[in-house]
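Report on the structure given below.
Going by the order they are written in, the chains are A, B, C, D and E; count residues from 1 in each one.
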């Protein structure tokens, strides 16, 4: 019970892992490309959560271990991940539009030709 | 009990916002106060927009409900609440249901960080302006939801237009905002701030409203923001999302009654939010005119009379209109009502002369007055401009405002760097 | 036989392909739509915002005016024509009366003709004012509407004083006028002209150099003179395309040949040129009215026409330059008291055909602008 | 801003996130999925605030909820989804997918149970956010300058790629 | 004197059909039946003095040229100062092309029809043409029987599109080759063509009204 009331870094990590798994399941099982892309966003967010949680953890560490208030590397990394997510979404949705224009479907099972 | 009272009184006299002080009670009080104020502002705007627009267009506007139509907004609100709340049969009912709330939420949450005074804000966030831009950009989600869930073509086109428009203009808006943030870094420390209160204090410290900073850079940035904010709030001449001559009513074509009134509320709320950003960033927020040039107790005293005086002036206008009312039994109630309204305004004005109140409302008054100026601009635009076409709107956003914003940003950065070097050689 | 389909730049037969093939949006604009000026229904095929093609569905206001004409005497039918283009009722009446006069082989006396010209030109101003207000409203400028309506009121007051009606005036009679002008008519019209001249400047101040107005109207809904002629489009639309043709000059009727006025023309045939042409037309109308007032002769106002009108058997086509274009009447008489056949050649109906051509490849907002600039009145389209 | 009732908000927000995540991968209608994802993202922004990362939270709201998700909704409306809603929602290897994910989950649980001792049991104490933004900025434009420029290059490439992909005729 | 000689006797209500009297050779147009549509009105209507004007033949270089090609297929007449040509139905597309391309009648003002139920060829179809270069108006008139078709003039003047649709809508005259010949003013499923003389002024398609408007009758 005590561990439930004190939110530790591990809590955030478990939450991140759960989100990650949801994303993986979505990517592996769904047929709709849009939802697959959204599942990828879920995965990236799970990673981000971990990064920020670790950054939070590091800030509490002594600075001789590389911690301290300026140890915000996790947050920096998560910003890069968000940037990457934006790029991925833009290109992915661009591909989706091109795909939809040619095949008139958003079904990922039909993206197996590598040409159209 | 005593602890509770102590908890409440502990905040009084603090020089922090209640959110920063971590005082939940006062946060709740401030939230209630701010939202009541915003709602009152929306009601007043509703009436003022009609009247001002009407007088621009050689007509009278509402005249029947209450003296000079003063009660018209209330009558309208009542009508809207009593109207049947229709949900189209083919609509996606869940999304249709929650879209208006999303829009209202986005428009009103923004006020969490708006500084009506150095301590008169719900909270002072480290990322204040970022928060405002981010949350206000969420309203586009509500609009898209509304348009899509209606399952009808006009709302869908309206939603697509609106989302494209808001996303595009946010970029230019961001450039203008960043140039202001660069200006805040011109201090001894050399770091700027994103906090709304910090931005106003930087203007106070630098003895200059940012609209005049690095003339004309600040002015151009302000201009970019002023254009982009009209586009962000979907108002004329950028009201393409609800262009009544093209898309009947755009994304809220299928809405009626209460839900429609929520969109209405959100639109005006968003207008005030955008104006507050502009006022905070460029026009010195709560600062009274010339706080540095006309400094000193005497000037403070003089300026502190203005809020009460302006209310008394409005009351005088009311009494003048009362005197000009037709002397006919048919108008008796209206005349009495107008006189009563004037008396109310006069009373408020007199209360504002009481010394502690006088000091207390100073900041709020100046902030509201500046926002009101922007509101007038909105109405003025609507009365004057034709509507842009969608491609022209996009062209303006991406090909005019964005390059301008980028240029301003680079120039501001250059000038700021130069001044920094003067500071820390 | 050579194919002489002269529509130049757009192939109306083959549909254009949308951006996403499966995603062509079909939108039903109207019949209940604020900007279709009545009950016009336009079925738009859209690719996003781009118009791939459109089809007009009309007839919601069809009242069978032509059929009614066959069952009324010549005199009784006169008020009906006012109801077609109800914003230019006086012009309709002029066209009808002159056509029947042609059948009867009579001519209205000069004083009647002058009064007719004055009232018709006032009507042209009123019609253009209404067009300007609604057109600007469609493009999003809400204020000009109130200004134009304020000034149009003055014209309607003159009508009201003259014949008791404001909109569907029934001002003219076959053979001349029913009423002599009221006392002070000339002075009031003169006052109106003096009042109105600065008002045109006021409208122009609001719009002509307004950047947004320019962007919204320049290059929008372009149509060449050649296409106009092929599609039978007349009136300000044709003139804005650069064709200097006005029935008042080309085949003068009433007493227009006595007056000196210009025919404004545009170069590009876009919405902005049509706007300018109409603005100049208002000024020219003021000029004509001034001359007509100056030359208003004394004399009878009614030609000698029999009480029971029985035009000899025969058929006549006569057309006038209504505010919207060529308004023609084709009346077949069988010698009885009722026309055997009345055909109205409505300018709005024919002009509306050009909508498809003018809107292809433009955006939805331009469709609104083009409908506005065509200046259609659905009462006349559907008759 | 002092944290209030941290456990309560943590569990509330994580529940929101997980429910949102589940809805994302189970809804038929992509629009519903997108809205569920937005809920998840906003809840995550709040969790960032709890982790004293306000700048990341702001970026999350602006970029994710306000930018990327609008893009998603835009595209969903552009492609017609009527047909895909009526079709089968899960592909043929859904069972394998779930099994693989469960295996991965088991692995993660194993790692956490082994490594739990690495983390301190108590709450992490960190100075309040203070000048978080300024620190992030100095790191981003100092130490990570090069990565930052690479990221901007990546965005440029993405812009060009998206335009090339989506535009019919360039 | 003139009024009783001309109009009441064999002269149908129509101006054009009378030429059989003075026309040299009426080629394809069969002699109009003398049955008069509204005979009763005639004698009383006579204006006291002015002689009743009648269509008279006219001539011009253009007509001379057309005559050389089409001989007696065309019959130029003028009435009240307005010129028109009565042409044989078989000349219709060709003559319109010639008028448009060679004689520069580039503007099709109007297409309309008149119904004469008593005649054998019940319909007059009338093209009102105008030439911008010549500033001249002309009408072309052809007679066709009920149920007969005419070639569409849309290829000649695109303006004819809606005008022909209206003629079809109101009279039921079909135009071959029209790109989209359907009703324009009346609803698509409507029965009957209201501008025919046998269609009463109060008549309507009750079935359509009941089905589409859900009311018994529009009256």
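Rule of thumb we're sticking to: a contact is a pair of C-beta atoms (placed from the backbone, for glycine too) under 8 Å apart; a residue touches a chain by one contact, two chains touch by 3 or more.
Just so we're clear, the structure is a prediction, and the values are computed from it rather than from any experiment.
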{"item": "Pair joined by more contacting C-beta pairs (C-E or B-C)", "value": "C-E"}
{"item": "From chain B, the most remote chain by mean C-alpha position", "value": "E"}
{"item": "Where chain A and chain E are represented by their mean Cα positions, the distance between them in whole Å", "value": "77"}
{"item": "Separation of mean Cα positions, chain E and chain B [Å, integer]", "value": "68"}
{"item": "Centroid distance [mean C-alpha coordinates] between chain D and chain B, Å", "value": "31"}
{"item": "Sequence positions of chain A contacting 2 or more other chains", "value": "97, 100-101"}
{"item": "Shared interface positions of chain B, touching two or more other chains", "value": "160"}
{"item": "For the chain C and chain B complex, residues of the former touching the latter", "value": "25-28, 33-35, 46, 48-49, 136-143, 145-147, 150, 206-207, 210, 212-213, 215-216, 363-366, 368"}
{"item": "List of chain B residues in touch with chain D within their complex", "value": "19-20, 22, 24, 92, 94-95, 123, 125-127, 130-131, 133-135, 137-138, 140-141, 144-145, 148, 156, 159-160, 163-164, 166-167, 170, 191, 193-194"}
{"item": "Residue numbers on chain B that touch chain C, as the complex places them", "value": "53, 56-59, 153-154, 157, 160-161, 236-237, 239-240, 243-248, 382-392"}
{"item": "Touching residues on chain C, where the partner in the complex is chain E", "value": "1-7, 13, 58-59, 62, 64, 66-68, 70-71, 102-103, 105, 229-233, 243, 245, 250-251, 306, 308, 310, 312-317, 319, 326, 328, 330, 332-337, 340-341, 343, 345, 349-350, 352-353, 382-383"}
{"item": "List of chain E residues in touch with chain C within their complex", "value": "7, 11, 13-16, 37-38, 41-42, 44-47, 50, 52-55, 79-80, 82, 93-94, 97, 100-101, 106-110, 112, 114-115, 126, 128, 132, 135, 137, 139, 154-159, 161-163, 166, 170, 179, 183-187, 194-195, 199, 201"}
